[in-house]
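Chain IDs A, B, C and D follow the sequence of writing; residue 1 opens each chain.
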């Protein structure tokens, strides 16, 4: 899938935003956690086919809801308001996390509650665009990269 | 969510179609498996909020792809062609199955390969409409109802 | 399965401990969250067959590891030390959470990092018994009950 | 984790048995599917840490149940009889499949119903040893390897 980074950027998410989320999740476990090392892991996650499909699908849902061309009035309102009991966004996010094991799922649950950095910004912004799927997707990519980093920790330190 | 049965019907799936899939999965385990009993279980699955959200979202994706208003050209083509390595449709289906435990997941994997009844019809029909998400959703609802039926088996026999 | 509460108690976990974890997860969303209401949800989770199987299996692993009668020396040491990259305990916990939808998974990830109440106590106690599976199981049961409570919120308030 | 192949062999499963299951799942998609190529994918799955942990844990449960040193009488009987509604064995198997995406889950559901080769042999053999977890684990490893193979198909053909 082409240009997944460009698609994220178009929706206001830089790779550095994701790197910062990984740093938030992992810095306590390293003495000096290098941004370049994190970038390597974020790239690796973003290059995986199933991750790209989930990102592209989630963003396409957000955009179709914005344009009021996604399903019934009721579904559109649920998505545009990011209703607390709507769970399909998390289901898509888990589709990413599952690929990186149980640590990724735990990290996602944590980051989804704390909402550090870009995740909080996306979650609070209902004016410019619909971020219902995007904030969970960014959290899932960061959680996945953090999990991969944790699994390689011994070799990096 | 209103009228989830009406939405399925609009896309060519009757409740009876789903009941037949459950019958396919479970009839060997019962001496006389009554259609009315299966209907009770299908209703129960279709009434669950998270199931309804997944059904509505999946069908909305199929329809947006048909109308060429869903994400990039590349993503639309992947969905319209139901490419074998596109897995987001199954991710959504697992979001339904997971709620009904491990037997539901196994049943889904089986029905997704065998494609009995309506699932095969949906899977083969690329002319009238896009069924990429719908066939998996129908399989997941049937697998979930079959699992719930299996768990209650002792009491029913 | 008989006496799942008695089994938890035998390992140092009271139903009240689990209720307190649910309160930790949900109190912010209610004006007055009644302990008796939470108890109803915890009971409901503890009465589910697949939940009971996961609890009984997880505790049996902890106990077999204590008694040095569980697999190889290497596996026993991994379990007894609750090594950070051992993930089977979380896999079992997700088997519980998945039954209660995506909110349960998010709650689990959060509670597993914060470790409130009994979860922190179990996690810190390596002297008296092995709690590698138990702390995740208790977190999963609490997260599941909290999710069920959240889904019923509108009716309770 | 050391000697995961030796552990499988000790329980009656050769790498060739697993390769045959992958062949069963994938041969229809290739003109000439080479055993050596499949072996490469099976090795790759068997070398993954979380897979090894799941295999070792599942086999340890089977063996502890055989030796009547695993939890309550009730739990032991459930495991020794591989009761149809016991689902923890599948939960562990899904812990493996999830790492390889949605195709792995579908393949597992299918192979778990059809029970080709070694999986059927393990499932039928209740005399020599307890295979309740082992048959699902073997199915999961084969399904995971088949999924990885499917994802690389274009490059191999």
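Some notes on this structure:
Keep in mind that, in the parts below, contacts are C-beta pairs under 8 Å (C-beta built on N, C-alpha and C of every residue); 3 or more make two chains touch, one makes a residue touch a chain.
Source: prediction; values computed, not measured.
Note on interfaces A-D and A-C: more C-beta pairs are in contact across A-C. Ranked by distance of CA centroids from subunit A, the top chain is D. Computed centre separation for the pair subunit A/subunit C is 26 angstrom, with centres defined by C-alpha atoms. We define each chain's centre as the mean of its Cα atoms; on that basis subunit A and subunit D are separated by 31 Å. Multi-chain contact residues of subunit A, defined as those touching 2 or more other chains: 49-50, 85, 87, 91, 94-95, 101-102, 151. Taken in their complex, subunit C has these residues touching subunit B: 49-50, 95, 98-102, 151. Per the touch definition, subunit B reaches subunit A in the complex via residues 1-2, 7, 49-50, 53-54, 56-57, 59-61, 63-64, 67, 69-72, 74-75, 78, 85-88, 91-92, 94-95.
The touching residues of subunit D, when paired with subunit B in their complex, are 84-85, 87, 90-91, 94, 101-103, 105-110, 112-113, 150-151.
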